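Look at the two complexes coming up: chain A is in both, with chain B in one and chain C in the other.
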Partner chain A sequence: MSGDELRAVVIATLQAIAPEVEAGELRGDRPLRNQVDLDSMDWLNFLLGLNKKLGVEIPEADYRKLVTLDDILAYLAAKTPAPSPPSR
Partner chain B sequence: MIEFKLPALGADMDEGTLLEWKVQAGDAVKKGQVVAVVDTTKAAVDVECWQDGTVHELVAQPGDKMPVGTLMATLLEPGEQPGAKVSRGGTPPPRRMVSPAARKAAAERGVDLGRVAGTGPQGAVTLEDVEKAAPGIAPPTDKAAEMRKAIAAAMARSKREIPHYYVAEDIVLAKALAWLQAANATRPMAERLLPAALLLKAVAVTLKRYPELNGHWRDGAYQPAAQVNLGVAISLRQGGLIAPALLDAGSKPLTQLMQEMTDLVARARAGSLRSSELGEGTITVTNLGDQGSEAVFGIIYPPQVALVGFGRIAERPVVEDGAVKPLAVVSASLAADHRVSDGHRGALFLRDLADLLQRPEEIDQ
Partner chain C sequence: MDSPSLIRKTAADLRVPPNWQDFGGERRAFSWDAARAGMAGLAGGGINIAYEAVERQARTLAGKTAFRFLSRSGPARDIGYGELARLTARFANVLRGLGVGKGDRLFVLAGRIPELYVAVLGSLRNGTVVSPLFSAFGPEPIATRVNLGAGRVLVTTDALYARKVAQWRDRMPTLEHVLLVAEEGGGTAVPGTLDLAALMAVAGDECPVTPTAAEDMALLHFTSGTTGTPKGAVHVHGAVVTHQATGRYALDLHGDDTFWCTADPGWVTGTSYGIIAPLLHGVTSIIDREEFDAERWYGILQEQAVTVWYTAPTAIRMLMKAGADIPRRYRFPQLRFIASVGEPLNPEAVRWGKEVLGLPIHDNWWQTETGGIMIANTPAFDIKPGSMGRPLPGIEAAIVKRQENGTVTVVDEPDVEGELALKAGWPSMFRGYLNAEERYRKCFAGDWYLTGDLARRDADGYYWFVGRADDVIKSAGHLIGPFEVESALMEHPAVAEAGVIGKPDPVVGEVVKAFVSLKAGFAADEALRMELLGHARKRLGAAVAPKEIAFLPALPRTRSGKIMRRLLKARELGLPEGDVSTLEAGA
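Coming up: the complex of A and B.
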């Protein structure tokens, strides 16, 4: 999955919980929960949604690493298969 | 003959508009079965029947706005023979097929469905039909403003009628969170427990020893409740809040309580709650969660007599064994009704709750 595809999946998962989110207004380097009103239940559902869509298991001990959108994308990219090289 | 009336749906929902019947005359109904959908200022509510019987007559018609306690239908008790119908005069209008969304829009805009031509399957009236019939005559009701008005009315009544007292206690959660972390390490993601579930369960367990905090003040007297129906204050994304109850929270295992809490939050936000969840809370818990402020002092939700508030769980300096240590702490507060209990008992309740949270393994037993 490419970086853009991954970002699209993450944003769609977020919007399923917080429909008011505008993808273009999210800053990747700022804490996500300072930009979007997500309570602990929303956050759990967001991570569960990512788990379902991407098949990535996220141990609870890793939750603290997932602060910004960039953190989340990097974490997921490391755990999802890299995109296959373009065929000739 | 059983008179089926619109049940109480909470202090801030004293009337409702019938959107649709889920049963018709002659249907056998079971206790707990959803028989109607009623729209309130806060949400569309699935109204349940509270006993077994057979539907005799549907007295209320879709679109009718009625206060709590209004006769909606009559039911025959098992074995009872039908008698005279409770007619509202004249013959009932023929049954029309109207989509729930169209019915809701018609009620909001004051459109007479009898005058709307249906263009849907078999002549059913669709949302589009209603919108065409009401091109901007009446603007749609401002749901947010209505909800704000309902919350204001209930909270003003609470502050006017209930002599509140408040007590608060900082509770160290280091052991509770370590226990949760260990429990979650072996659980799949979908079954992990949130600290909120542990706090709710601890409140329900502690309340068993404080019956004066769990019940209702009705007709000038206190009626303790037989079980703990824990109202959970849930904020809605479009603004406002609603406090449906986790029924019999004290006797449910933590895992089940967590699942039910997840389900309740999802349904509250989707606007699909049941009448029993809205009308039968015996105490409310408001939990600001990890994005909230340090502490909260709530307003009691009448006719309940107490409300427990939890602020944000955060690491704070705590003196333990003569040394200052950074430990996870939550500020817990109790707002309670002085007509029923005193501050001393309220303080003991919070102390007992704090003690129980130091023995997390006992909470789920």
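Coming up: the complex of A and C.
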């Protein structure tokens, strides 16, 4: 999965919980929960949703590493199969 | 009723002698008059919460840390009692400079940042009434409460202002001053607002405490009912006597404790016990700015050497879910007492505490209206897991039945379900719902305050929560009024009717679930469901908005036209529908 595809999956998962989110307004380097109203339950459902969609196990002990959108993308990229080489 | 799961306390369980050891003796000897006489009081006979909590303490504890603020982004910030006195004096001077004085209303809307604590205590020092708002509220709950409370001042952050207030400012006509804190540090320059840091920098350190009387309004805590607008529960400066007594008996605070109350000051627990009570006892409070995280929380218990911990069932159940491996990597031998409030703590959670944390968890019970803990499990006494415990000294509780003529009868025999009632007159009892005298009066029968909670008392005097007498939803320990949620959904052009219930949830107690029927011409599809969810979240915020929305062709109504939430809930749970004699035909 490419970085862009991964980002799209993450945003879609987020929007399933918080449909008001505008993808273009999110800053990747800022804590996600400072930008989107997510209570503890929303947050857990978001992480569970990523687990379901991507098949990536996210142990509870890793939750604290997942603060910004960039953190989440980097974490997931490291755990999902590398993108297939460009075909051209 | 002796249960095999009783957790017996022995002398070996007690690392320090508890403040309350002789159950009956202390209850008999206690009087609120004597407790009041034990407070410092103001010269001239008044009483002021900030004077008791900060000014008086700063004289003997100036160098001691009052609050230790933790955040992910930087080192801990300690504020000592002396510095807190100076900062709150400055804040009071800021208010005086703006012409804001005694009885004026100030709202705070922020995360757990130092400025919020300074604003709350500085306002109390100035005689200005404080109303805390939960920072996860959306624009609509914020505007509703500011308007009900006729707020003149709002203290918030630049980011929250931009997201939740700026576009709605013209809907809050009483709001004259907005004081902003920069979330990233430094200053702010937002049109129509003032930069709090700049005002504080030029304000003086000296500011005499505004004389307040025991019955002067101090805090305004909004809570939700089944119908109508939120209710502003009025609390007075004299409530500080209860904050002191309950900190002593229910939380067993000793002067050398390190105390961590995890509640947000946007709710009454985070004010009474996250700000006021620990200061009254001269302890050091830990305040974590971050959201719940199991690993982080165990780390705080260990690194900060927390001794007394006051948390909530939702947090405990999330810790349980996170598993027993994480706590095994941490050591917190200083921790000696754990209490919980917000909703009944299930027996498994009480026992999990003993097994995994090494200490049982002590559930206690109170409400926004009571201003302080009323019924509690405390260190010296046996715990019956699942029970809220027994009434504190100074508190008389009973199970009552309402009669047709508006009076109540007290149920003396044990194990009978009825409404939990408290004998009126403890100092932190609410003194009214703001501008809603009739609603206030309905809470009393004779000299009993009727709590709206159904409970029973066993033969040993322990109280057991049974349920709510109304449709109010309790999610993560917070009350949510279905009407407020339904109203927001009704504002969407597609929605014809909305009915909102609490759907049981193993972690947060109940989640908000909305049932809606649509106007002609709208299709009940996934796209509309997401649109409604986004619509509700933008207005109400994550803490209040529904987590689930379901479409129904029509909602069940009584013949008089009221939506039958009880029936929606019964159908959701697959329970018997009960008495449907008032149901409108065809629903």
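The criterion applied here is as follows: the second predicted complex is superposed on the first by the 86 of 88 C-alpha atoms of A that agree within 3 Å, B and C clash if a C-alpha of one lies under 4 Å from a C-alpha of the other, contacts with A are read in each partner's own complex, and residues count from 1 in each chain.
Convention: a residue touches a chain if its C-beta (ideal position, glycine included) is under 8 Å from a C-beta of that chain, and two chains touch if they have at least 3 such contacts.
Because the structure is a prediction, the values reported are computed rather than measured.
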{"item": "Which superposed partner A:41 touches (first chain B, second chain C, both, neither)", "value": "both"}
{"item": "Touching partner for A:51 - first (chain B), second (chain C), both, neither", "value": "first"}
{"item": "Which of chain B and chain C A:33 touches, first, second, both or neither", "value": "both"}
{"item": "Partner chain in contact with A:78 - chain B first, chain C second, else both or neither", "value": "neither"}
{"item": "Partner chain(s) touched by A:64 [first = chain B, second = chain C, both, neither]", "value": "second"}
{"item": "Which of chain B and chain C A:19 touches, first, second, both or neither", "value": "both"}
{"item": "On chain A, positions contacted by chain B and by chain C", "value": "18-20, 33, 37-41, 44, 60-61"}
{"item": "Footprint of chain C on chain A - complex, ascending", "value": "15-16, 18-20, 31, 33-34, 37-44, 60-61, 63-64, 67"}
{"item": "Chain B-touching residues of chain A, taken from the complex the two chains share", "value": "18-20, 33, 37-41, 44-45, 47-48, 51, 57-61"}
{"item": "Of all residues in chain B, those that touch chain A in their complex", "value": "181, 184-185, 189-190, 192, 194-196, 235, 237, 261-262, 265-266, 289-291"}
{"item": "Residues of chain C defined as touching chain A within the complex", "value": "72, 136, 138, 159, 183, 291-296, 314, 318, 321-323, 325-326, 476, 507-508, 511, 530-531, 533-535, 537-538, 541-543, 547"}
